[in-house]
Structure formats: C-alpha cells, structure tokens
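Okay, so chain A shows up in both of these, paired with chain B first and chain C after.
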Partner chain A sequence: MNIAFLSRQNLFFSVQRRRNRGLNGLYIVVGLFLLAYAMLFPGLLGISGFSKFTQNWFPLALVTMAQALLMLNGGISLAIGPLVSLGAVIAATTMGGPLGPIGGLLAVAASGLLVGALIGVIVAQLRLPAIIVTLAGSFIIGGIALIILPRPGGFIPDWLSNLLAGNGPVAFGLLVLLLVCWKLFLATPLGLGIYAVGDNPVGAFRSGVPVDRVRVTAFALSGLLTALVGLFVAAQTGSGDPVIGTPFTLNSIAGAVLGGVGFLGGKGTMRGAICGSLLLSVMINVMFFLGFSPVTQYVAQGLIILAAVAIPELTSQWSRKP
Partner chain B sequence: MEQKAVSILKTALRNPPLLTLLLVALVWLAASLTLRGFGAYGHLRYLLELSAVIGIVAAGQTLVILMGGIDLSVGAIITVTAILLPLLSPSADPTGLSGLAIALAIATGIGFLNGAGAAYLRVPPIIMTLAMATFLQGLLVIVAGGSAVSVTNAAVLWLGQARPLGVPSGVMLWIAVSAVVLVIIHRTPLGARLLALGANPLASRLSGINVTRSMLVLYAMSGFFAGLAGILILGMNRQGYVGIGEPYLLTSIAAVVLGGTSILGGRGTYAGTIPGAILLVTTTALITVVNASPGWRSIMFGSLILALLLISGREGRR
Partner chain C sequence: MKFQALRNLSCHRTLLAGAATVAFVLAAGAGPASAAANCIKGDRKAPYTVGWANIYSVPTWMKQTEGTITAEVEELKKSGLVKDLMITDAQGNAQTQIQQIQSMIDANVDAIIVIAGSSSALDRVISDACDKGIAVVNFDSLVDTDQVTAKINTDSNEWGATAAKWMVDQLGGKGKIIVMNGPAGISVSDDRRKGAQPVLDANPGLEIITETNTEYNAAPAQEAMTSLLFANAEIDGVLSLGGALSAGSVMAFDRQGRGQVPTTGENARQFLELWKEKGLKGWATMQPNWLGALAVYTAVQALEGKDVPAFVKVPLPVIDDTTIDTYLARAGQFPADGYIYSDYDKALFDKLLAQ
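Coming up: the complex of A and B.
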C-alpha cells in the first residue's frame, strides 16, 4: 500500500489501527476481569459501588498517565512515588493554614509543575539519562516530603474528602475530563511533538519540533498529574503521609507497559495505558473478593502481568509464521 | 610538565572509569584529612567490604545493561538466596558447600527464567524482571513466613566473617568476580556479542548473533552474581529476612551508571562499575557521619548522586 494514495482519513485510521494492534488481547482480558468482578460484587453496577471502585482505580490511572506521558517521548520516571507523597504532605499541611483549600490546591499544583519542570530541564539540557536523574530525584523529593511532615498527620477539610472520595462518581468524572484534555493537548503542536520526539528525536529536531521544550513540558505535566494524585490520596485517607506514594512508582510502570507503551518512546497510546492501570486495579479487587491471601496475590499478580504482556506477543508471532 | 598534567586530565575526562576512580581517591583523601577515623585502615576495609556486595550485584547488572537490558529482580534474588540457604543447607555436610551450591543453582535458575521470558516470550526485560520480583516476593513469604532465619552454614560464615591475610574474604571474592567479568567483557566472544547487541540489536541479529542464547546466558549470570551477593550479605549479617536484598536493586543500577556505562547499552565497562560501587558506599558513609534527620540525609544522597552523575555519567552529545 502506497502512503501517497491514502486519503487523510485513511491515514488517520491506519495509524490508529497500528497503535491498537496488540491491545485487543488486553481489552479482552480487562473485559473478562470486569465481568468477573461485577458477578462477584453486583454492587459495582450501583452508583455507590461504582464510585468506590473508580476511587480506588483513580490514583493508579493518573500516575500511569503521568508515566505514559514520559515514556511516549522516550523518558521514564522513578520519582513518581515520592512525588505523590510530596503532593499529599503539601496538601495536608497547607489546607488548614492561612492559604485555605484553594491555596493548598494551587500549592500542590505549583510544586508538581516546578519539580517536574526541574527534572525535565536537567534531563533535556544536561543530556543525562532520565532513569538515573529521576532515581536521584526520588531520594531528594522523598527527603523533602519527610522534612515537611515527618510523621503522618496534617489536615484535610471534610467536605473535600467527601467530594473526592465520597459516594458520588466525582473521581470518574475527573478522569473523563482529563482524557478529554489529553485529546485536546495531542491536537496542539506541542502534544504532537511528544510522539515525534519519542519516535525519532533527530528527525523531530530537523522538522522543527522544539525537542527540549517538548521534553520539559512532558516532565512538567507529568509532575503536575503526580502531585495532584498526592492531593487525592490525602483526601482519600484524610491526612498526609510522607511515604504513602512508594508503591506507585513500579505500579505506574507496570500499568503503562501492560497498556502497550514502549520503553523507547513513540510507541503506545494513552487509552492502552489507562486500560493497563484498570487491569491492575480490577485484578487486585477480584483477588481480594476471591479471598486470596495478600501473599498469593503477589504471586498471581506477577503471573498475570507476564501473561498480559506475553500472550499478544506470542499470538502475533504465530500469526506471522504460516 | 604542565602540558603533561593537562593531557592526563584530558584523558581522564574522556575515560569515565578512570574519572570515577580519581573521584573516589579525591573523596577518600579529603574525608581522611577532615574526618577523624575515616582514614583508619579498619574503616576503609569496612567500606570495601560493603562495596564488595554492591560490586558483585552490579557485576551481573553491568553485563545485562551493556546488552541493552536491565535486571530489576536482583533485590528479590538476593533475598531468595539469603532466606533459602539456611533452610536448604543439609546438616550432614559440615563444610556447608553443598548448601552454597544449591542456593547458587536456584539463583542462576531464576536468572535463566528471566532470560527465557525475555527471549522466548518477548516480554520487555524491565517488565519480565519486575514480574519475577513480584512473584518471588509472594513466594518468599509463603516459604519463610515473614520471620528471620539464622545461618549456621560454615562456608557462608567464613565468607562473611573471615579475613585471610588481613583482607576480608568478601573483598577477595569481589576481586575474583571482577577479574572474571572483565575477561568476559573484553576478552571473550560472548563479551563482543553482548556489546554488539547493546549497540544495535537488529544489526547484530542480522550478522548472525544468537540473540536467544546470549540473553539466556547473560540473565543467568546476573542471577548467579545476585545469588553470590546474597550469600555474602547473609554471611556478614548472620541472618536472612524478607526485604534484605531490596536496597541493592537501585544501588546496583546507580553503581553501573556512575561508572560511565550507558543505561541504553552498548557502551561501558565493568572497570567503571568497581569505583562506582566504592563511591556509592563512601557517599552513604559520609552522609551517616553528618548528624542529620532522615529527610536531610535522603536529600543529600540524591543530590550527591546527581552531582556525581554530572561529572561521570553523561550521555554523549547528539
């Protein structure tokens, strides 16, 4: 098929098809898990059950988005967990102060943007590998969180906790809103640049994409998302905890990779990443309902992650071989 | 004379391993002059003993990273060996060598499985080893039940405690491991293959390199070295518990990168990882000396890694 003969519409759909390839298996697995969960726990279909489920999934979905955003342009962050903790402790310490809840929200957002942009500048301008810069950054950010709030505590207004983690599907609404924003962002030159820079940095640079600016933007937006997850987690638990984010680092990578986002950049989709995080989240819920002990949950989780990544790869290998 | 000094400096700047080594020498010199007790033979020997553990884990990590992969299961493998070894050592064998062999075989087997997953199932190495680590974590709690196990194995205790000729046996083990790994990387066909694979996987496959076999061998070796480090830690601690290996995962990667090896593979050498490991341990020791809260200590550690990275770990300009 010659690309010159494709109309714009066909080109769009062929790109989308290529991006969706390999994700069909994931969609099926997620669907089966959701079905199993709905059968085990029929309350899922009610408003309250649905809200609770999406609230558990929401933080993981957001950190996975933050991680996927970086991986799409060839970066990665090992500082996701500590940055969630930082967001949580800033929220818990500022909201009761003179700034009030709005000021607290702004403080969390600003600190996330700032930390993300700083990491982005170091990676882009000094040409250091992202994985090791964020590894060093995770110690620094974790340390700052410990200094701000050495032990769990702080204050989150009740109405905020009830709004975000109450009986309404607010979290799900926010997630939909975020996905719409992501689609809009992808339509801007900067958003397109994220894929371009991840796929081929040199080519992108020669075509006039401001490579460094795209990288810094990606890191800044990812930092913003991550810090806001901290705010949500703080509202969920009603207090700030300086180490609450730790598991999010590896889970965000697992979610993104399950969703087909590649490590070398330019490969993968945000819907895949969201689906990957949904799989992780549903999996844990289903195993909980089946009465698996936490220990067997680890074993099963390892096996399911492997299967979800390996099976699409194997089937595509077999279908290529006649 | 001055020109010669400048040229030496220039060579050093272009040679990351040498640069890292110079950095270690500088830090040790400065610390010995300013801190009382730092330069004592006993203290330096202790630092080397701690570096040996990181250095041995990082040996496998260097090999895997050079090939363009990464091994996130080394922490879990260390824990597995440290917990299983006391349980597996048969009491009929007074030397404890058979227990050692069994534990190393298990560690190598886990590494081999990592390689098989990456090679046959085409799972990205980072997710394969991560899944393996999650899997092992669950398995361990089932086996050990969350309690610490003490070791009585004679060979393990000798490895962790003995000092033949005044040098800790762990450090001797590290020297042996270093020699073997350096020979593998720079003097064997396997070394040439793994550097080629890291530099350009497609081209090396097209030139007839057996990618599957190289992956199996290298991940198995990474598992073996992690197991060896696990045994050494067990000997030094006299106890194994769940989570004993966790701190060594990120430090092993940091040691490799500080030694100037590219995280993307294809470029670097174990000769850089050796001073990288010593540098990390020294940094941690210096931070412990400064009386600071855990938060500040963590900040200092991160900033120092970042600063060291600026000096030694830069990717080449495009």
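Coming up: the complex of A and C.
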C-alpha cells in the first residue's frame, strides 16, 4: 500500500514536471518583469496600486483561461471577444431594469452558458471544426450585442463598480478562487477528461471517457467564464460598450500560447496560461514606466513574446546536448 | 432623457463647485481672481509632466496630430512650464487605454490629454484621474463623463450642413448629386451626414442619386465612384464628407475623361493638389491636427490656475478658391498622404479659450 501510494505520488509529480517543462523560462521572465514593475512603481506593493493593476489584468487572465480550457481539449474559440461584449451589454441593460443586479448577473451567466453550450453541441455533434463554428458565431454574437445596445451606454450600479473595480483586491481574490475551482474541477472525471480528450480523443473514448459530453462542458464553461468577463468589464467601466471585447479574441489566444498551451490539445497548464496573460499585461505597464515611445513598444512587445517562447526552447535544446 | 439627466447632474456639480469656491474665497479672505478649472486643486507646480494617451498611433492623421503635440511640448519646455511628455498607444484597444491611463495616474503625471477609444469605457479611470487633481483634456473622440478639465472638438453636424449649403449655392439649388460618406456606424461619419440632411430637405431641387460608404481613403472611394460614373450619365456635384474621399472621386472623373464637377472635401493634401491641378470648383474644411497642441496648451493653462471652458468648440476652418493657395504654398511641409492643416499660434489658442 505504501508502495502504491508512493508510485501514485511519483506519477503525479512526473506528470506535473512534464507539464511545467518549458515554462520555467516564462516564470523567470514574468518574475523579472514583476520585479522591474515594482521597482519602477513602488505603489504596486500597496493595496490600492495592487488592486488597480490586478483589475486591469483580471479580464485578460479570465479570457485566457476560457481560451486555454478549450485549447486543452483540442478546441479553440474565435468568439471570445464578441461574447465579452455580449456579457457587457446584457449586464449594462439589465442591471438598471426590473431584474436588478442579481437578475442581471444571472442573465449574463445564463447567456454565456447557453451560447457556449450551443457552440459545443454544434462542434461535438455535427463534428464541425471549432474554428469555423466560432468564427461564424463571432459574427452572430457581435451582431446581437450591437442590437441589444447600438451605442455605448447602459447602467451599472456604482456599488458594484466600486466593489469589483474599486480600491480593494476583490478581482484578485476572485482569480484565486477560480484557480481553486479549476483544481477541484480537474479532480472530477469530467475534468480529467479535458486533458484526455485533447491528448488522444480515440484513446479517451475507448477508455470510457464521454468525449462529446466533455467537449460540450468545456465550451459551456468557457462561455460562462467569457460572459462573466463581460460583466466585469462593464462594472470596471461603469457602462456597456458593444465592441469593447473585440481585441480579447486574439489576446486570449496569445496569452494561452505564450503560456505553453498547444494548439493541438492535451498540452499545457492553466497556470502557464495565466502567467502568459500576466506577461502580456505587465509588459504594457513596464514599457510605460521605462518611457518607451509607441514605436519602440511595438518592436519591444514582439521581441519579448518571441523571447519568452524561444528561450525555454533553446535552453532545453542545449541541455539535451552532451 | 438620459442626456437631460446628465445635464442636470453637471449643472448641480457646477453649482456645488461654485458654492465651494465662494466659501473658499470668503474663508481665505483674498482668493485667486478667477475660479480654477475642473479637476484642478492647485497643488501641482510647474514644470509639469504631460501624458498623451493615444488610442491608435498608426494613421497619418494621428501621426500629424502627435507632431503638433510634441511641437507644443517643446515650446512649453522652453518657457519652463513642461518638463516631460509620456506617450502611450493603446493599439485600438480601449481596455489597454484604461490600463495606460491608470499607469499615468500611478506615475503621478500632472496632465493627461486623450483621444478616447470608447465614449463610455474610459469614464471611471478618467474620473479617478480628475479626483487626483490631474488636468484631463479630451479632444477629437470624446468621453461621456463631465469629470474632465475640458473637452475640445469641432462640430461634425455643422461640417455636413456647411458643405451641403456650399453645394446648394454652386448648383443654384438644382441638380443631381452623389453623397460620399465614411464607414457606416462611425459616429463622425454619421454626424456629418445628419448635419447635411436639413439643408438637403430644404432644397428638394437637389436630387441625391446615391450614397457611398467607404473607408476614408482615396483608393476605395475612387473604385466606388468609377462604377457610379458608368451607371450615371449626369452627375452635377459630389458632396463628399471627409478624409481623402474627394481625391478618389476627382481621380475617377479624370480617368473616365468626364468633366470635373463641384466637389466638397477635407484638407487632404492629395485633394487640394488635384483641386488646383484640375481647376475644379472645390470647398474643404478640416478636423485640425492642432487640436492636439491646443489640448496640451489648455491643460497647462488650467494647471497654471487659469479658468478654461468645459467645452472648447473649435470653429471649422474653411478652404475655398480664395484661400487654397496659402494652403498649397505650405504643402511641402506635410506628408504626401497627410492633411494640410490651418496655421495656429498662441494668440489663436488664447482666443479659443476665452470663449
């Protein structure tokens, strides 16, 4: 029994090590950037500075999680941005009405789950490529957001804005809570299935993993997460904007890939993805405090991303040589 | 309704601010001669650090605008009023712009000038900046909140109306015209077109054959006009509402060997040069790039304790046959795909701020 326990432990850590491989470089780069940021802006270490920074990073962290959740099981979504916008406009149009803030929150969550599940069913049942389904979905969702709220506006109660995006680290707390939930979810059969389906769908199916159900669940959860980001963005800005989410689509993919999540599924970790999004976010602030001009920022941004991906690759090649 | 509510609110705020100022003056015995502008607390001293939060730096118009900002900052550095300019580029992402304005607040800049990427999304971060006593001056694309030191812009409605009136005069109120607009759903394009409508309604003799919606570039406009020329034997005028659309139209007429017709437009160098070269009847106005310079100047004036208007309406400079030569004489100083903006100086700025 002791031996069995030990080997289980070993298996766990060897899997974790395998998943962390190639990410050490990213961790170091992110750590250095955070250190640089704290030195350039000591206010980061205060409650208010920390809260403001994490609030600005929070939406990107969440959409990257939503994207990574899909990419881990071999999917991808090009509808992340429009779905953020949809969440934002639903929040901004319902919270001032008879539904109230709680009803608005439920409406956003329900629409995210519904849209996500619908995409998931189409992808899983009709066996259509996720990239095409979500591309088409992005136009439909974006259009609906524009119909609901044609110009920026709407209403978010002040207390909600101040709670989520005030001077307290509520957003960071939510992120930690979400990570804990993710760990718990991974311990369930459905959660385990996410990696299994991404890594080897046929093998997973033969081992009794409900492949289709895993895929639909992943899309539904990802949709829920994305729509809630919309709610957060609406609270952060105090209003709804029907096109606010657009850049999130590409940035969520960039964050996930930077964090070592592979396009083909089964490869990568959520912590890597979150670190990837953190790098994208902290980079902007560090370059500002270093006084980079916009043109230099474009170049530097590209170089940093390239370095974060290339350095671990190069070091692993060197270390393999005798 | 919402607009009314907002206006009432701002009225309230002004009243409160006024009451506070009176109380302050009474308490201090001898206060400053003029009331301080919005957001200004009077605790910031020259030389100031200015933050320029751009939404997107790539288009030529933006580059030229940034040019006037840096030139103005150099000027103010000489007089010891400004020590530093920090520039950010949100690359079109309103969320990034929020983050960058937050960084400017963290860096404790004294003034922030901004072209907004979203009329609503920046409201809270800009209010935060205002609460910290930072002079916030917003120009070109405006935000909804009134928690700013000043907003600066031209009037897009007036743009459309004036262009339409000129066309009516040229054609004696009778004829067939084509209306060229910017992209659909863009507020500037929308507002200019809306401004033209009452004038067109009042002159039913002016018949609109069709309208185009394209990017504000010459190439797509030329393409659209070329196919319209094939379809329509009689076109008496082109009411083009901005960008380089008019240049595309003139080139399409030229390529097809058709006689040029009265054409309105913007101060794109390409259009002004074609206007002179082809000898057509033209009219143009502009969104002056020096709105950027004016924004910096306004912020520094406010920080210096001067009262500045909450909204600075900049009159549209007009280019017609009598003034076009003065513009073309300076063409060499501007990029080939750029905009030849009207001259500006400190006296003009002071006059605009004295409204």
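Everything that follows uses one rule, which is that the second predicted complex is superposed on the first by the 313 of 322 C-alpha atoms of A that agree within 3 Å, B and C clash if a C-alpha of one lies under 4 Å from a C-alpha of the other, contacts with A are read in each partner's own complex, and residues count from 1 in each chain.
Definition applied: a residue touches a chain if its C-beta (ideal position, glycine included) is under 8 Å from a C-beta of that chain, and two chains touch if they have at least 3 such contacts.
Nothing here was measured: the structure is a model prediction, and the numbers come from that model.
Undergrad: Tell me which partner A:314 touches in the superposition: chain B (first), chain C (second), both or neither.
TA: So A:314 only meets chain B here.
Undergrad: In the superposed arrangement, does A:138 touch chain B (first), chain C (second), both or neither?
TA: A:138 sits against chain B, while chain C stays out of touch.
Undergrad: Using the superposition on chain A described above, determine whether A:96 touches chain B (first), chain C (second), both, or neither.
TA: neither
Undergrad: When the two structures are overlaid on chain A, which partner does A:127 contact: first (chain B), second (chain C), both, or neither?
TA: In the superposed model, A:127 contacts chain B only, not chain C.
Undergrad: By the touch definition at the top of the document, which applies to A:297: first (chain B), second (chain C), both, or neither?
TA: both
Undergrad: Could you tell me if A:153 is touching chain B, chain C, both of them or neither one (first, second, both, neither)?
TA: The answer is second: A:153 touches chain C but not chain B.
Undergrad: Report for A:165: first if it touches chain B alone, second if chain C alone, otherwise both or neither.
TA: second
Undergrad: As a test of reading the superposition: which chain, chain B or chain C, is in touch with more residues of chain A?
TA: B
Undergrad: Just which bits of chain A does chain B share with chain C as contact spots?
TA: 295, 297-298
Undergrad: Quick one: in the complex, what on chain A touches chain B?
TA: Residues 78, 122, 126-129, 131-133, 135-147, 150, 201-202, 250, 253-254, 257-258, 262-263, 295-303, 305-306, 309-310, 313-314, 317 of chain A touch chain B in their complex.
Undergrad: Spell out the part of chain C that touches chain A in their complex, as residue ranges.
TA: 2, 54, 57, 86-89, 91-96, 98-100, 102-104, 106-107, 118-124, 144, 187
Undergrad: Residue numbers of chain B touching chain A in their complex, please.
TA: 117, 121-124, 126-128, 130-139, 141-142, 250, 253-254, 257, 262-264, 293-303, 305-306, 309-310, 313-315, 317-318
Undergrad: Which of the residues in chain A end up touching chain C in this complex?
TA: 41, 43-44, 49, 52-53, 56, 59-60, 151-153, 161, 165, 233, 236-241, 243-244, 247-248, 251, 281, 284-285, 288-289, 291, 293-295, 297-298
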